[in-house]
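What follows is a set of structures for review.
Below are two complexes that have chain A in common, paired first with chain B and then with chain C.
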Partner chain A sequence: MHLQVSWRNVWRNPKRTGIILTAIIIGAWTMLAFGALSRGMMTSTLSNALNTLTGHIQIQHPAFRDDPVIDNRLTAPARVADVLEQHLPGNAAFAFRIQVNGVASNARNSESITIVGIDPAKEAGLSFYGDNTAQGKLLAPGDYRGIVVGQALLDSFETKIGRKLVLMTRDATLETASKAFKIRGTFRAEMEATEKQFVFITLDAAQSFLKAGTGVTSACIKLPEETTMDLEALAKTAKALARELPEGTAVLTWVDLLPLLKGYLSMFDSFMLLWYLVVFVAMAFGLTNTMLMAVLERTREFGLLKALGMKPSWIIRNVLLECLILLAIGLAAGNILGFATVQALSGGIDMSFMAEGSEFFGIGHLVIPYITLKDLLSVNAVIMGLGVLVCLYPAVKAGRITPVEAMSHT
Partner chain B sequence: MELLMAWRNVWRNPRRTILTILAIAFACILLVFMLSLQIGMYEVMINTAVKTRTGHMQVLADGYNQDHKIRKVISDPEAVARILDDTPHITGYTFRANGFALLSSDQRTYGGLITGVDPVSEPRISNIKSIIRKGRFLSPSDTNSAVIGSLLAKRLKIDLGDELVVLGSARDGAIAATVLTVAGIFSSGMDDYDRSAIQIPLAHFQEVFAMEGTVHEAVITCDSLWNVGSAQTAISKAVAGLEQKRRLTCLSWDELTPGLVQSIQMDLGGGLIFYGILLIMVAFSIMNTFLMAVFERTREFGTLMAIGARPGRLTTMLVYESAFLTLCGIGLGIGAGCLLTLWAQHAGIPMGDAEGMLRQYGIPGLIRPKLTLATALAGPAVVFLITMLTALYPAVKVHRIIPVDAMRAA
Partner chain C sequence: MEHTPNHMVEIIDVSKTYTQGKLEVHALAGISLALDRGEFTALAGPSGSGKTTLLNLIGGLDSPSCGRIVLDGKEVTGLSQSRLADMRLNKIGFVFQAYNIIPVLSARENVEYVMLMQGVPAKERTDRARAILDEVGLANMHDRRPAELSGGQQQRVAVARAIVSRPAIVLADEPTANLDSATGQGLLEMMAKMNEKRGVTFIFSTHDKMVMEYARRIVRLKDGLVSDDTTK
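Now for the complex of A and B:
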């Protein structure tokens, strides 16, 4: 009964209802679409960072993070491997690496780089290595002389596939180690900085080059994609691993490894909420005003209803119900439009026209907007909850109208 | 006459009027504040980039900016200096030379970027002296002293007075080697820079790297950002005429750091979308007020027309009404917005968790908006335009009113 009355009241002035509905729809729609786009950018930034050899969890020597040299290595990776194989969920992957700073040089140039010794069989899929080969081929297992470098590095050294590149670093015996490697292939990465920073050799080659025995500097673990933002689950997994692992190992999640990015992402969350509130406030003025008009022009009617014995709380309920109907229709249409927009852009937005700008922020070239349940809920909760709240004012106003003042009202 | 009537009409329904004014004021406050914030941030970002690295302009050998090869030199810096002395708007210049080298302390070895700087003129161009955290900057009598980045010092495990062995390749392809003593440690806040940079006196650099009196860059500052363009044109023309081994070019700060400019454009673009959505929301919110103000007065307009008011006069009156509303809102908005911005400018806005990340872009821990005439008025001007456009529709609609029908309307 109440619902029907309110429904009819809403449509008494279709033009007014139409305008305020448009406002609500645009509000909900843009909140969702803008939110989805920002999420997409954030995910792109994050997955870019995780793909650049960070992974979800790393197991390292406790001192390695502050002092990344070969001295601080895990000497018995076999025991770590046992623990990881037993305790990681089935859909997780891991690989050992040696990662140290060094210098690459040839006759033309010399640059500071990061030498990464990898297990060719396991590394692909774990990081960007193997994702996008520009020239030549990747490392074969057991290749002691091959090296894979970024395309940008190759260009800056004015060299080509098959030529030699000399790597220089300090080995485990504190001596300067230097060895020539043959360029087997080049990779392309999202960012030019990545292409210039990392060079890949096999783990075996790295171990003998650095005289590190069977040691490795880190085990990198990649969990299924959807766990990236689930920080609690991540911390739990890390804790479980830490319990099982032998002494002298540190378990670090990406939150520990990339504290700057974590801070940025959490600011991002509060920024999104702020954005929702701002759009809502702009909408709320219109909503309150419209409901206020709708109530005031019906002063006589409310007075009459009261004279007939309707309780004030019923009147308040009716007005709030009208407001709810408006919000519900607006939200439904806004959500549909929002999802449609995201669907239409599901191929991703190519950011390469802003390549240097997005590289500056660490965003990848392709941004795929998506809606998370959290965003969907917070958009709807903000509009619905606060919407009803601001409608309380006109509703209470309507409830207070007395029959006498209403009848004298023209 | 219309003015007076309009003013009285505006206040016939004070509640509605105040809500509408508040909606307009809200939009203005937000626009003033956000625009000032963005401009303030950009200015800081540009200033940091200009002061720590690029200067306003640089004269370089053609192609040096794309690829920092040690052989791409300015062979006769004296000639460039003579040109710069004669160019108006230039407040100072200094010469630098850069080279890549392997840096070894007793315990650690890392690659680093060595810059040879002029101990006298460098502090006038860059902020290096003010970011020295420990020790002192180079003095003219220094030969093999160095100031190094704080993170590099930490990695190399060295402190003031310690020795550092440098091994690199010189301009002629020979080995460049020297031993440096740490005179100072600096921290710019940008991790990449602090992790790799080291500065030594230019004369010593030229000796070690076989530069034979040549340099890589002439770093120039201008009296203001606005004069960079004209000074650049003048210098470009002059240096192109020089008889040097390599063609010289003059690049401005935005050409030297394209990532910075694009990232600003990206941020500004995002901001504009945000403002656009906000304005649409506000427009719909107040459209209802304007429409209702006309519809509920159909009878009144009918009467006015019946006693001889021309539709044109009614339109004028309605436009005045909306103008009153809008101007009140904008006035209030600009006032409150400026107050809020000035307060934030004075107190600074802490960025919490995101601080570390923002520091990498040269933004300090506290963000300060910067109120200028443009940021205070640009947003509200757009709001004025949009609200007046919104108000035009009902004002024109008045023309369609037929007195007889209107007076019969309920």
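Now for the complex of A and C:
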């Protein structure tokens, strides 16, 4: 009967109830939708970054991170490969690379770039290499003379497929090495900067060019996509690998490799919480005000109930129950709207209209908003919990009304 | 002081003074009065003579400035708010002049609501509510909302609700003031019947001479004191 009475009281003034509900619905909806969009942007940023040759985990020589030169290489990659093959989960992939800084030049231009020696058979799917070929073709295994560059680099060097590009860097003997490579193809990346930074040759070509023997600078591991945000699992996998790997190797996760990105993502989390609070505060004002109005309008009724012997706690409970009903309806509708919105945008939002801006933050061109369980729970908990708290004021006010003052109230 | 169990209400030297700014209003000026079980008493007197104040004090809605009130053998003065609420719930039935019933509840639910607060089981609540509504002449109107009831019918719901909780006494402050005289008399007739049949003790205030006719005892107040006390 309590629920029934509260339910009827809620619908006593449909217009006012409508206003409160609208506020709650809009609150919950925007919190969810913006939360989902932020998540989408974070994920896009992250996967973009991980795709740009970082991967989830890298195995390197311990000194390579601070001094990324060919001296600091893994000299026995076969042993590392054994461990990885045995201890990585089945759906993970890995490949060896040589990655050093150098200079690319032709008659027209000269730019500092990163030379990446890759295993053509294994690299595709591990990073953006092979995702989007603009012209020509990718490197074939055993190609000692070919190079694949970004489309933007090709343009800035005013050259074309089939022409030569000279790479220069320091080799394992600390001598300057330089060699001409033939441009086989160009790739497109999410960001122009990426196209201008990386040039790809085969791992075999890199090893001979740099006189590195069978050495590599890193093994790059890619774990299943959906575990990207699961930092605990990531740390666990990294730890397990570190136990098995021989001395003289360092296991680095993307959190170690991209500390700035990690910080940026945590900042995103804080922003989201801040956003929740802003929306909630706006909503809370509406909620308290309208509830207060509703309570004061019923002064005589609360006075009557008190005269009949109802205790203040009972009255407070009834008013809170009314709030709870409002919050529950509002949240249900807000959640449905939120999910519907995210569903409608599940094809992804094309961010290329603000390419310059989003590129600056490293956001990919396609952002797919999604709702995580954590966000869903925190939005609902924030609105429900704080909503009830905010209703406490009008509820207590109702509980304090005395019959005598209520009777003189017109 | 001894009090015989037959006294339902004993008012002993009760004063109530309201202070309004610097002005002191002696709404009750040391009044003493005893009401017996099963009485049907009218409280008369000019406006401002203290009728409402007296009824509020008996009902524990307000507390006296000095003096004592004993209800059904129990001291009421000085009880905590929570005890007073319990007392109102179980010992007192109220009928006010207006705004007596809860708008979102039907006639039956209004009557049931006090029993809900008393913790009466659902089935019994419904049965008792139905029976009492039939008795006060509202058969066929159990499920009507207040908005669908006339003023007289609403007052009948209020009386039904006041009686159904089986109180020691029903306090009615000008229950007929908002009704035309025929309807008012009908209400009083019904209350008198309840008094006779169920032995409910009633005390009601009124300005209406016709309504006073139904009372077996008329207590007149003037300036916060009893000026006349007549039992027929």
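In this text, the second predicted complex is superposed on the first by the 410 of 410 C-alpha atoms of A that agree within 3 Å, B and C clash if a C-alpha of one lies under 4 Å from a C-alpha of the other, contacts with A are read in each partner's own complex, and residues count from 1 in each chain.
Everything that follows uses one rule, which is that contacts are C-beta pairs under 8 Å (C-beta built on N, C-alpha and C of every residue); 3 or more make two chains touch, one makes a residue touch a chain.
If you're wondering where the values come from, they're calculated on a predicted model, not measured in any experiment.
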Chain B versus chain C, judged by how many residues of chain A each one touches: B
Touching partner for A:Thr288 - first (chain B), second (chain C), both, neither: first
Partner chain(s) touched by A:Arg79 [first = chain B, second = chain C, both, neither]: neither
First, second, both or neither for A:Leu260, with chain B first and chain C second: first
Contacts of A:Val279 with chain B and chain C, given as first, second, both or neither: first
Partner chain(s) touched by A:Arg12 [first = chain B, second = chain C, both, neither]: second
First, second, both or neither for A:His87, with chain B first and chain C second: neither
First (chain B), second (chain C), both or neither touched by A:Gly102: first
List of chain B residues in touch with chain A within their complex: 13, 15-16, 19-20, 22-23, 26-27, 30, 67, 69, 100, 102, 104, 107-113, 154-155, 157, 168-169, 173, 196, 258-266, 273-274, 277-278, 280-282, 284-289, 291-292, 295-296, 351-358, 360-361
Parts of chain A lying in touch with chain C, wherever the complex brings them together: 1, 5, 8-9, 12, 300-301, 304-312, 314, 402-404, 407
Chain B partner contacts - residues on chain A that touch it in the complex: 15-16, 19-20, 22-23, 26-27, 30, 34, 66-69, 101-103, 105, 107-113, 156, 168-170, 174, 176, 259-264, 266-267, 275, 278-279, 281-283, 285-290, 292-293, 296-297, 354-361
Touching residues (chain side chain C, partner chain A) in the complex: 56, 59, 61-62, 81-82, 85-90, 92, 94, 96, 99-100, 102-105, 109, 112-114, 116-117, 122, 161
